[in-house]
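In order of appearance the chains are A, B, C, D, E and F, and numbering begins at 1 in each one.
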Amino acid sequence: MDFLVKENILINKIIEQALLEDIGTGDITSESIVPSDLKAKGIIKTSEEGVVAGLNITSLVFKKLDSEIIFQEKIKDGTKVARSKVLAEITGSARTILKGERVGLNFLQRMSGIATITSKFCQEVEDFPVRIVDTRKTTPGLRILEKYAVSMGGGHNHRFGLYDAVLIKDNHITVAGGIRPAVDSVRKQISHTVKIEVEVENLSQLQDALRVKADIIMLDNMDLDTMEEAVKIAKGKALIEASGGITLGKVRKIAQTGVDLISIGSLTHSVKALDINMEII
Amino acid sequence: MDFLVKENILINKIIEQALLEDIGTGDITSESIVPSDLKAKGIIKTSEEGVVAGLNITSLVFKKLDSEIIFQEKIKDGTKVARSKVLAEITGSARTILKGERVGLNFLQRMSGIATITSKFCQEVEDFPVRIVDTRKTTPGLRILEKYAVSMGGGHNHRFGLYDAVLIKDNHITVAGGIRPAVDSVRKQISHTVKIEVEVENLSQLQDALRVKADIIMLDNMDLDTMEEAVKIAKGKALIEASGGITLGKVRKIAQTGVDLISIGSLTHSVKALDINMEII
Amino acid sequence: MDFLVKENILINKIIEQALLEDIGTGDITSESIVPSDLKAKGIIKTSEEGVVAGLNITSLVFKKLDSEIIFQEKIKDGTKVARSKVLAEITGSARTILKGERVGLNFLQRMSGIATITSKFCQEVEDFPVRIVDTRKTTPGLRILEKYAVSMGGGHNHRFGLYDAVLIKDNHITVAGGIRPAVDSVRKQISHTVKIEVEVENLSQLQDALRVKADIIMLDNMDLDTMEEAVKIAKGKALIEASGGITLGKVRKIAQTGVDLISIGSLTHSVKALDINMEII
Amino acid sequence: MDFLVKENILINKIIEQALLEDIGTGDITSESIVPSDLKAKGIIKTSEEGVVAGLNITSLVFKKLDSEIIFQEKIKDGTKVARSKVLAEITGSARTILKGERVGLNFLQRMSGIATITSKFCQEVEDFPVRIVDTRKTTPGLRILEKYAVSMGGGHNHRFGLYDAVLIKDNHITVAGGIRPAVDSVRKQISHTVKIEVEVENLSQLQDALRVKADIIMLDNMDLDTMEEAVKIAKGKALIEASGGITLGKVRKIAQTGVDLISIGSLTHSVKALDINMEII
Amino acid sequence: MDFLVKENILINKIIEQALLEDIGTGDITSESIVPSDLKAKGIIKTSEEGVVAGLNITSLVFKKLDSEIIFQEKIKDGTKVARSKVLAEITGSARTILKGERVGLNFLQRMSGIATITSKFCQEVEDFPVRIVDTRKTTPGLRILEKYAVSMGGGHNHRFGLYDAVLIKDNHITVAGGIRPAVDSVRKQISHTVKIEVEVENLSQLQDALRVKADIIMLDNMDLDTMEEAVKIAKGKALIEASGGITLGKVRKIAQTGVDLISIGSLTHSVKALDINMEII
Amino acid sequence: MDFLVKENILINKIIEQALLEDIGTGDITSESIVPSDLKAKGIIKTSEEGVVAGLNITSLVFKKLDSEIIFQEKIKDGTKVARSKVLAEITGSARTILKGERVGLNFLQRMSGIATITSKFCQEVEDFPVRIVDTRKTTPGLRILEKYAVSMGGGHNHRFGLYDAVLIKDNHITVAGGIRPAVDSVRKQISHTVKIEVEVENLSQLQDALRVKADIIMLDNMDLDTMEEAVKIAKGKALIEASGGITLGKVRKIAQTGVDLISIGSLTHSVKALDINMEII
């Protein structure tokens, strides 16, 4: 993915919003104390082990404030690093470096937090042909960045929104009067380029979903035994996705059932920021 | 605070962005399956105990999609509720309810997560005259909502950004050549309405900060003994704020030192979403 | 599709832009001549036969100018109507009706033009199990409205943009060094929810695309004989889409080959506006 | 006109909107297949004869995506070119060239289509002292670009919107109770810098318009004989504009009547895109 | 002019910007003190004599904050009022009234200041057939409101910007090599709907401007005698506009020369706000 | 303050708005007359004595139109200059220089007008330890620039908006039932970083304000004797601000009372633009 290049319009707006929010009419501390022509160097460093994501975003934060800042990435996004690892060096106006520090770190810490937890889930299941995928349970306004962070942690992305894939849930099934009428109705209207996923709660619904040739079937909160049974029935006929309350402790067992995908909301809805700091030298 | 009323311009933009991000060109599932004139009722319910914040935001999410939605809040923001508590009922177009569900919950779960953890910190120190306060370590773009959530959990807000209060940190002190020149320089330029906070790392710096009449002094990562000493010296002469790596386990001990304020980045940078769901009935 | 409801954020922005462009600092003619409290009624009528699309948009145009305008649609979008058919009645401020007329009609005429030509293509092939689909050759800024107009004319939509489906073209194949490496590379990275379409120019490429299990295969500018052959080979193994220079004269022959989809750029890139007028009475 | 330079704010917004619409969260095909450091060269070429307009816009499309793209225009806007003529060469990141191709061509094909048809009308009347002019029947959101394309085809522009010139139509006349009161009312209020045009349907209205010294008189849907009579009466006293259902077949006869201006809605409301392609080499 | 109705998009943006600027993340005083359900009534009153303009804008300011506010205008824009005159009553939420007060008055005082000074100039020359007109020397971002205020004071508007009328100044004449080539060049390119004004500094230039049939001629900083001579020469052949350093003391003498228009930059570039206050009762 | 650097997001938006407002679809005069490759040099010069502010803004105006313009500031903002002083030289495209002239000067003249009058007030009181401060009576949308101009004139800024300091006025006191409950209520809710100012009308209210330890006390429209009394009582216990109808004639007497601050609305609400011109050479 290169959606993080300088000219990405969506991301530029996100960063602009964040800077406006923090700086507003000015950084009254730095502007009073730090001479406008003083140069400085900032070092961005981890304070704990983890997988890094978002250095490109942090770079943009500083460059949006001041196009003459030089931001040198010392590692690549997606790298697992130890404690006290230097991630980047920033050279330029001391004022700019101080002004952008918090916003830059707020992005980097959150995104690296996501990459780190994703990577832990991926490691648990690395010897299985299964994908760890994210959900739409992302922070409002930051989905593109959080899905990128998931991919940097080794995970994969589920749909980006309500617009780019069909997911028929229990409420849709109830309204339509069953899985078949729901799928028929969708198939008649949507683009031929869109896949159809159906959420099922039991094996009977699974059979229904297979009969109407759902592309993907989500096993919602199934116990391990039923899940295993479901995989036996459906494997190769549709992609099978396990979903619901999946933790680091449980994920390996779920992978063992043979599902193709494991989707995990907590990758993005309950993130522990990775501890990263900036020092001026 | 009433900054959450319908006409708040900042918040309207945040919600609009979030809806655009999730819905884009349309909810292709619901629009294909759910008749446009079908009415439904949604129930928003907790799946775990916690303090609720953001019901007004969730209400706005649905009303922005469809002004005829009726959103009845069953409790007030700031209330601590048990598991399985009904928080709100939504009545109106079934399509709208399904389209807005995820965005509405993404706000509500995150904000309630913040209120819940804040409330736990506040409870730990409730018999001390101390304030639990937030920081600028918020999610980019959502600061106004996250600071509101902190207040709903019983906490208080620190400054909103670089523009509304002075905080002189170690880097500023180094550049200025000491606490006195830093404070002098700031005082000469900033508005008389703005308070000055100085971050100190030891008792000698604390004395410097008192000498120049800092309004607030932040004790940065001090051990408990030094902190106690600092309080003895500075109490009543400036507001004293403890800061740095404060956990639920440590917070009570810190309060016992007599500090006026305890600021905690993890209130907003490492949030566990509160488990809240919506059912259509 | 209900993406055209009042609260659709994308569409509201398109209409706002169009009104700003036309009205700017004011309608100096009507504001000088028409008393601000004069009421009037406008009748929107066809001057030629066609399929109507965009009445909802036209309604929004007037309501954005003045929330008290009453806009009564006399037929539904997607209806084929004769010459001189009344499509809508507008009641309210005479000034508003005159101010909004041109912008309202500019949307309606263009969208109805698209629906009308689409409907002609659909009619040509109505006894075949084939879909007429649009392309990305839409007017910059109006894609959501133009794709809606295609659907109102009986057509279906292809992907909405570069973000919601994969289409591997000749240039991608060249860069990747063949269809297999191109598809492999894509499949490894994209979401499991996204379909893969491959553009092929001959039967050998078609075989390659089938081998790597492309979901959709686009036959690019093939002659009818080769196309028929291609359908024999691929039917049921992938969706088959005919593309390239398709006219009303040729479309039926192409449908007879048995392809699943026929995509036509001219539905949106070369539109003849449907002749529709407004009279004040 | 130089309103098409890089820094034009209106045009930058139009292009930004178009790129967002097409690329959204990313070009999932190119980003998966094309290495980020691969360079390429694209050739933009006509597939049919016509007059070119919009190369500067196409150039901006690519540069907005990536400031390092080199876009060399091989001809100037306004040039008539044969089939297979190279219009421009694009050098730079292969990904960027593939990502921007469709949006760049969508602008260029539409604008060149407008320039081409305008040029045909102009050629028909080139030996008469008459201007071919456009109308407000433009594509919502693209008026500035479409009016520029008309001028590149040799046509001239009518007013840009409701704000920059007065055009009193039948409805205004009815409301005001005649041409005189309408013109009086307008003249009293508008700026002295604004011209007044009156639409007339017969010779008696023409006399009224002359009496009140209208600057421009529009002959609305008059037959050729009446038009000729009108020119005899009004020539030199006001500018005379013919309007209504003017086709390539009729335009020369209308010019022969001696009118000063011929305004044609179809220049912009019913455009056939000029066939232009891009090849990567 | 009705460009001030609620739905005017330009004006809505101006007001939104102004409210964001003043209220930002919240009115921390009123939100802490004033109960959210307290109702109040505010009276807007003059503290000095003047002509009022902008009550509609002030009304919008309050309604944008809270759609339930009732704003009753007690007089109409354009009325001359005495000291202590009640202009409007505002009823509704006490918080909203306090929050909107400053922004509402900032608009009203400035616009009324403009209407008042304009009205004084108009009064000086009321027995002459001359128009007092404004210039482009307006406050950046507020031109539409300031030109409206001029009209409420009895003045008229000059062009709205560089886009809606031609004004050939000395620099243009120098570049073109004389008035004739300048006018020829413009006339060939601009729309037939646009008038041409030429700025002249002496009688010889005046003759040149008449020869090329300029629609309007601006006499730039001429002394009264030359101005009188100029009027004798040009009256009836072009509109004649006096310009440059015109004060209340001089304006009547200038009108006596017989010019058609007197343009005055200070109407908008050096405004004394009219003293208007709000009381809560 | 360096909030005026190129990348300031708020200021960029203000300038963009101003350029759009003036140039819109194009400068039809300059674009018709001035060749696109003609270079020119413009000289910005004062026509009267004053203090300059806003050269950086004027520079941005030109650079936003055309990044290749060279704008050389010949003096620094905040300098007092004589008549006929060259402030800046602009080199580059003649068209750009002509297009940007009016907007550039509109900012510069207004901001310099503010700096000049502020400087006059400051000079009157220069031998007293008192600050001249501004208010929220600024032009809607331009507050950040106007407060900067005040500081360039030697003044200081009061709060930037309702969000960054508390000012308890008479209406708040009435609603709360006295100064004590008002201050208590505010103190409980606001951030510890925010100062509290109370407006008092007499000495009894002053005593109340001191009792509750207001940080700043505003003496509203007090006569000089009472003011002097007030200073005796409150000096050193709170900052004392004089406010209400302060003129150049009165300001020195007010300073003599010993107040700490004098706030003056007319610095920004009733500005006489400084006479500054541009010549092309």
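Odds and ends about this structure:
Please note the rule applied: a residue touches a chain if its C-beta (ideal position, glycine included) is under 8 Å from a C-beta of that chain, and two chains touch if they have at least 3 such contacts.
Only a predicted model underlies this, so the values are computations on that prediction, with no experimental measurement involved.
Of all chains in the assembly, those touching chain A and also chain E are B, C, D, F. Two copies of one sequence, chain A and chain C, touch each other mainly through matching residues, since over half of the numbers at the interface are common to both.
Here the CA centre of chain A is 45 Å from the CA centre of chain D. Centroid to centroid, with C-alpha atoms defining each point, chain D and chain E lie 33 Å apart.
The multi-chain contact residues of chain B, meaning those touching 2 or more other chains, are 1, 24-26, 31, 144, 160, 163-165, 189, 194.
According to the touch criterion at the top of this document, the contacting chain pairs are A-B, A-C, A-D, A-F, B-C, B-E, B-F, C-D, C-E, D-E, D-F, E-F.
The part of chain B that touches chain E in the complex is made up of residues 1-3, 5-7, 9-10, 144, 147, 160. Partner chain A is touched in their complex by these residues of chain D: 16, 19-20, 24-26, 31, 36, 64-67, 95. On the chain E side of its complex with chain F, the touching residues are 14-15, 17-18, 21-35, 38, 94, 98-99, 102-103, 105-107, 109-110, 113, 136-144, 160-169, 171-172, 174-176, 182, 185-186, 188-190, 194, 266, 269-273, 280. Interface of chain B with chain F (complex): residues 1, 131, 133, 156-160, 163-165, 189, 191-195, 197, 216, 239, 241, 260-261.
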